[in-house]
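I am attaching a structure below and will ask some questions about it afterwards.
Just so it is clear, A, B, C, D, E and F label the chains in written order, and each chain counts residues from 1 on its own.
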C-alpha cells in the first residue's frame, strides 16, 4: 500500500519534471535557430497538384484521428458502466501520449532515414531539415496511424489494468513498438525489401497498425489474466454484457466512417484515382463481414446478435486494410465474408483458452489483421502498384501472380506476430514486476472509475448490475 | 391498516394499474426491483455467449390500505397480474402502525 | 410457433447458402479474367482536375455514409430504451444489405444503360467494363444515397417490426424500389425526359431518396398498425416519449453535418463553384425549418418543444435537398420556414389518422420531400443548370420561368408517391401474409431487444417506464 | 407570474410575426430581381486552382459546423441529467439563430466594406452583388465561426438561464457582438491596422471567436450568480458532477476533430501548404495541454482527473488557434503545456471568486483565448505571413522580431476583453431588468427540462442524485 | 423500534436531509420511487403531444429508529418536506422486530 | 413469517448471493438504494474539486422467510457480507402477515 503510493508519487514527480525539462529543452532548441534553409516550412510550392494532394491527405488524416472516439465509444459500450470513465481517460491519453511521443521521437525512428534496414536515426522533434511542410504532412499521417495502433490495446486490457501502467505502455508503443515495425514495412526497412513479389506489402496497415495493436493486446490480456467473474468455478466462460449497445454501435459507425480516410488516404496521393476503388472495397468488406458475423451468430445462437455484428464490421475493415488497393469489389466481399467467420471463431477460441478480451480486440485486429496481410497474396489483381499507378503491380495467386507475394505476406505475418507479442509481453511483464499492473480485487469489483479517477461516469443514474 | 407489497411482471404493470383504477385507485408507490423466486433466470446473450440473468427485473407496488380494503385489492392484483407461468410474482402483507400526510399533518386512516 | 421457427430456420439456411453460392460465384467470375481492357481500374488519368473532383466526391460520399449513425441515434433517441438494440441492428444491417445488394445488382438496374426509359441492364457486380475508377466512384456515390433511402424506413416501423422482415425489406428497397425510381430521374429514365421545363429534376434527392424512404415507411406503418399504447380506448393519440433527447440531438447534428456532403457533393464536380451556394442554402433551410417548428410548437403547446425542433431541422434539410442548387439564400429560408410548418401539420395529421410513426419519418422525409420537389418549381432562379454551369438553367415560377418546371415537378411528386407507397405496401403486405411482420404483443411489451437479439441495450442501468 | 407569461406571449407573437414579415420581405426582394450582373452566382470560374480551394474551405467549414455537437455533448456531459434537454435545445437554437441572423445582417456588418474601421455597411441578406459564389463561400466560413462563438456561452450560463433569454442573447451575439469585433480584426477594421508588427493578428480566432465567447460567458455567469448548491453555507465551493463523462469525452473528441477544420481551414487557401504545419500544431498543443492538465490535477488531487484532462484538451486547442500558422511544433507543445496550467489555475480562481461556470467555458475559452493571442507575440517564427506565403512574415520576441507584435497582441487582448465583457454584461443585465434571466428556484431544483421544454431527457431511466 | 418510511418530493430531499442532520442524523436508506396518492399526474410532452405522468418520481426515505425517537423524526420530516401543495407525500410507520449490524453482528437497538 | 431486509455493499452482493444459494436459495428481491449509517460519505471528485457522496450506493435484499429459517439466513448474510469496515450494512427484521403467490393464488407459507 505504502510502497505503491510511493511509486505513484515518484511517477507523477518524474512526469512533471520531464514536462519541465522538455519545455526548457524546447526553448533552447529554438534559440539556436532551428529553421534550416534546405527545408520549406512556409509551403511555397503550392501548385494545384500539390494543393489537392495536401487537401486529400489532411482530410483523410482528420478522419483517421476521428477513429479515436470510435474506439472509445465501442470499448465503453462493450464494457461496464463502472469502468466508463477509465476507458474514456485511457482512450484520450493514448492519443495524447502518442501525439507527443511520436512527434518527439517516434517519427525519427520510423521515417528518419534508414540504418541497416532496422530503424531511422534523424528528425527528432522535427527540427531543422524536418521543419518542412512535406515532412510535417507525412509525420501527421504516420502519427494518426500510430495512435490507432496504440488505442486498440485498451480494449483487450479493459476493466482491470492500472491507469499508470496504461500510460507507460502507451509511451512504449508510440516510441518503439510501432515505429520500428513501421520502419520495416513502410520506412524502407528489411521487410519491404524481401526478395519475394514486391516485398512484404501492407497497403494501409492490417499488419503495421492492427496486428500490432491486436497482439500487444494479447500480451496484455495474458499478463493480466481474465476479469473477476469472466469464468465460473468450472472454468466455463460467462458473458459480461457491455453497458450500452448504442454507444458500441455509434463507435462502429464512427470507425467505419473514419476508415475511409484510413484506407483511401493511404495512397498519400489524390492523383491516384484508384482511391475510388479503395473506398468501395473498404465498404464492401465491412458490409460482408458484418453479414457473415451476424448470420453465423444467428445460426449458432438463434438470435440476431448485435454485438457480433458490430465486431464483424470492424473485422471486415481490418481485413481489407492491407489489400484494399490491390483487389476488385468481388474480392473485397470474399475477404470480408471470411473475416467475419474468422473473427467469430477467434473470439470463441480465445474465450475457451482462458484469454479474456472484453471487446474482442485481439480477434478483430490481430486475427483479421493477419488475414488481411495474407489475403492480398491470393486476391491482388495486378492493377495497382506499390503506392504507384505504374508497374510493377501487385499480383496474387488467383490472378496468376504465383505464390511469391503470398510468401512475402506470410513472412510478414510471422514477423508482426512475433514482434508485437514479444515486445508487448516484455513491456507488460516488466511493469508487472515493477509495480503490479493489475488493479486490486476490491477496486476491480467496485470499478476503476472511482478509485483511479475519483469520478463516476454516470452519477445521476441508478445503476444495478455493477458486478 | 396494512401494507400490500406486490412484486409483478413489468409487462403486466399497465394492466394491474388499470384494474386498480377501476377498483378505486388507491395511492401507491412503484419501485423497479430485480428478484427471483421459483422462477429460473432468463437467458440473455452478449457477443455470442449466453448468460443467465439470475434476477429478472420486476416491478414492486406498495399500497397501504384500510384493513377492509385489503382483500379486494389483493384480488384485483392477483387477477390482473396473472399469466399462469412461473415468474408471475408474489404479494406480501405487512402490518402498518400509522400514516401521516405530510401536506396537512393528518394522522391515521384519514391520511390515506 | 413451430411454423414460424421453421420459417426462420429456412431463412437462415437460405441466407447462409446464398452467401456460400455468392462466394463461389465471385471466385468463378474472377477466374474468367474479369478485367476489361476498355476500362481503367488503375486510375491513370489523374490530372489535378480529375483529382480534385475525386477528392470532392469521395469526401462528400463519406459524409453521406456518416448520416447512418445520425439516423441511428435520432431513431434510438426518439424510441424507448427497450428497443434500442433492435434499432441499432436495423440501422446497421440496412447499410450492410444496401452496400452489398446495390453493388451486386442495384447499380446495374439504376445506372447500367437504359432500357426504354425504365431501367438499366448491365454492370452486375461491377465486373468487366465496370471495373473502372469512374464507374466505381459513381457507384459509391449512388450506394450511399441508396442506403440513406433504406434507413429512413426503420424509424416509421420502429418498435414493432420483426427483424427478419426488416432484413428482407432492406434487400427489396436496395435492389428494386430505389434503383428503378432512381433510374427514372437520375439514370436518364422517363421522368428526366418529361417534356416540361428541363424534365423532372431533383438535385440531391428530396424525391429519389427522401420521399421514397418516407412513403415506403408510410406503407410499412400502415401494414403494421400503431404500437400498443399509442392510442387510448377512445382512439386519442398518446405521446410515447423517446428514451434520450441527447441521442436524438446528436443524431440531428450528425445528419446536418452529413447533409453538406449529400447536397453539395451532388454536383459530382468540384469545378462547379456553385457548391458554395449549395452549402449555404442547405444550412439556411435547416435553420429556418428548425425555427418555424420550434415557434409553432411554442405557440401550440406553450413549451419550447425540443423534439419538434429536431424534427424541424431534418424537415428543412429534406426540403432543400431537391432545390439546393437552383435557389438563392433568401429562398432557402422561405423553403425552410414552410417545411417546418408542413412537417408539424403532417405529424399532427398522421397521428390523428391513426398512423403511428414513432420518429416522424413520414412527415419529415415524405411530406417535406414532396415540398422540396415542388418548391424549386417556384423558387429556381435561373443561375444553374442540370448539374451544369451552362445553360439551359432551371427557372421557376417566381423568376419568370413560367409553370412548366412546376408541372414537371408536380408529376414527379405523384409518381414518387405512387411508386414508393405502392411497392412498399406490396412488400410489407406480402411478407405479412407469408410469416407475419409484426412481433407478438408480449414481445412488443417487453421490447424487441431481448426476444430478437438476446441483448438488452443498457443492462447496467435501472430503467422504469418500460411500457 | 402574470406579467411574465404576458411577456412570453408577446415574445412568441413577435417572433412569429417577424418570421412572416421576413418571408414577405424575402419574396419581395426576389421580385425586384436581386441578381446582379457583376456577381457570379453560377460559379463559372471553376479552374482546378479555384476548385481545390473551394473543396478545402467547404470541407473545413463542415468540420467547424460539426463542432456544434461537440460543444453540445461536452456541456451536457458536464451538467446534470435534469438539464440535458435544455442544453440540447440551447445548443441547437444558437446555431439556428446564428445561421439566420448572420446571413441576414451579421455578414454585412462584419465583411460588407468598412466604415471608418468600425463596421461594414452592405451585403444585407447577401442580395445583389453578394449573390456570388466567392461571397457565399466567405459568408459560410464566417458563419460557422460566429456560431462557435455563440455556443460557447451556453456552457457558462448552464442550468439556470431561461431559454427565452438565451434565445435573445444568441441574436445579439450573432448580429452585433461577434460581427463588430470580427470586423476590427478580420474585416480590415482598426485593430488589424495597429501600427505595431503586422497589426493585431489572430490566425483562426483565439480572440475573435473564443475570447469573445468566453468573456460574454463571464458576463452571463456574473449576472446570473452561481447555481443553487454550488457553494455551501460558508461559501466553500462544492463540485456538482456532470451526468456523463462519456458524453463529455465524446464531445471533446468531436471538438478536436472539428478543430482541424477550424485552424487549417483558416488559410482560406489550399495552396498554402503550410496547412500541414497548422494541423500538426493544432494536434500538439491539444495533446500537451491535456497532459499538463492531467498531471497538475494528479499532483493536486492524487487522482487521474478525467474532467480536467478533457478541459485541458480544449484549452490547448483554444490557445493554439491564434498562433497555429506562425509557430513550429515545439512551440505548439510549449503553448499547450502552459495553456493546460493556465486553465487549471483559472478554473480554481473563478471558483474561489464565486463565479460559477459549470463546464469551465470561461477559463478554457476566455483565459486561454488571451494566452493564444499573446503567445504568438513570443513564438511566431517568421515563416508565414498574414494569410500569405509571402513576406512580411509574423515574427515574435523569441525569433528576433522584437516586442512590436507582442504589443499589438497585448492591445487586442485588452480590447477583446473589454468589448466582450462589456457588451455581454449589458445584454444580460438589460434582459434581467426586463423580464428576469434566471429561472425560479423551484424550477432550478427540478431541472429546466420539464418546466421549459416539457420533455425530460431520459424518461426511461431511473435517476437519483437530481439535486 | 419502528421503521419510518417517508415518500417525499425530490426537490425537498436536500432540505429534509439537512433538517435530519440537525436533529441527530439517524441512519437512513434512500430509494428512487414513483407514486401517486391524491396528487394527479404531471403533464409532460414529447414532439408536440402532451401526456400524463401518472406516477411522478419521488424519493422514499427509510429510517429505523427507537420508539422514543419516532415522533421527533416524523415531525422533522413533516416540517421540512411540506410545501402545502398536493404531492407533498406520506409517512408510514411499521413495526420492526430486530436489527443486526453486519460489521459486528450486534443485535437490537445498539445496532442502530 | 418474517421479512429480512439486508442493506449490503454492492461489491459483496455476488458473495452473499452465492452463500444464500448454498443455504437453499430462498426467493428474494433486490433493490438499488443509497444510504448512510455510521459510515461517513465517500469522497469523489469532478473537474478537480472533491465532494462527499453522503449516501453511498448500496444493495437492499428482501427475503420473506419462515420463522424457523430466519436465523440461518441472517447468519449467512452476516458472514458473507462482512468486511469489518464501517459501511458493511444492516439487517432489519419485520413481521409479515401473509403471502400470496400470484400465479396460483395460494396463500400463506406454501406460497413462499
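As a convention for this text, a residue touches a chain if its C-beta (ideal position, glycine included) is under 8 Å from a C-beta of that chain, and two chains touch if they have at least 3 such contacts.
Keep in mind the model is a prediction, meaning the values are calculated, not measured.
Chemist: Which chains does chain A share as contact partners with chain F?
Modeler: B, D
Chemist: Residue numbers at the chain C-chain D interface: does the shared fraction exceed half, giving same, or fall under half, giving different?
Modeler: different
Chemist: With contacts defined as at the top, give the pair, D-E or D-F, that has more of them.
Modeler: Most C-beta pairs in contact, of the two: D-F.
Chemist: For chain B versus chain F, what separation do you get between their C-alpha means, in angstrom?
Modeler: Here the centre of chain F sits 19 Å away from the centre of chain B.
Chemist: Rounded to a whole Å, what is the gap between the Cα centroids of chain C and chain E?
Modeler: 51
Chemist: Take the average of all CA coordinates in chain A, do the same for chain D, and state the distance between these two points in whole angstrom.
Modeler: Using C-alpha averages as centres, the distance is 33 Å.
Chemist: Would you pick out the residues of chain D that each touch at least 2 other chains?
Modeler: Within chain D, the residues that touch at least two other chains are 47-48, 52, 55, 59, 241-242, 301, 303, 305, 307, 454-456, 458-459, 461-464, 466.
Chemist: Where does chain B touch two or more other chains at once, residue-wise?
Modeler: In chain B, 30-32, 34, 44-46, 50, 94-95 touch at least two other chains.
Chemist: State which pairs of chains touch, listing all of them.
Modeler: Here the touching chain pairs work out to A-B, A-C, A-D, A-F, B-C, B-E, B-F, C-D, C-E, D-E, D-F, E-F.
Chemist: Please give the residue numbers of chain D that touch chain A in the complex, ascending.
Modeler: 47-49, 52-53, 55-56, 59, 63, 80-82, 241-246, 248-250, 252-254, 256-257, 260-261, 264, 270-277, 279-280, 283-284, 286-288, 290-292, 294-295, 298-299, 301-307, 309-310, 313, 328-331, 333-334, 337, 379, 381, 383-384, 389, 398-399, 458, 461-466
Chemist: Inside the complex, what are the residues of chain F that reach chain A?
Modeler: Residue list for chain F touching chain A: 10-11, 13-14, 30, 32, 42-46, 50, 57.
Chemist: Chain B touches which residues of chain A in the complex?
Modeler: Listed in rising order, the residues are 78, 237-242, 297, 300-301, 303, 305, 307-308, 311, 344, 347-348, 351, 360, 464.
Chemist: Could you list, by residue number, the parts of chain E that touch chain C in their complex?
Modeler: By the definition above, chain E touches chain C via 34, 44-51.
Chemist: Going by the contact rule set out above, which residues of chain B touch chain E in the complex?
Modeler: Within the complex, chain B touches chain E at residues 3, 17, 27-31, 64, 94-103, 105, 111.
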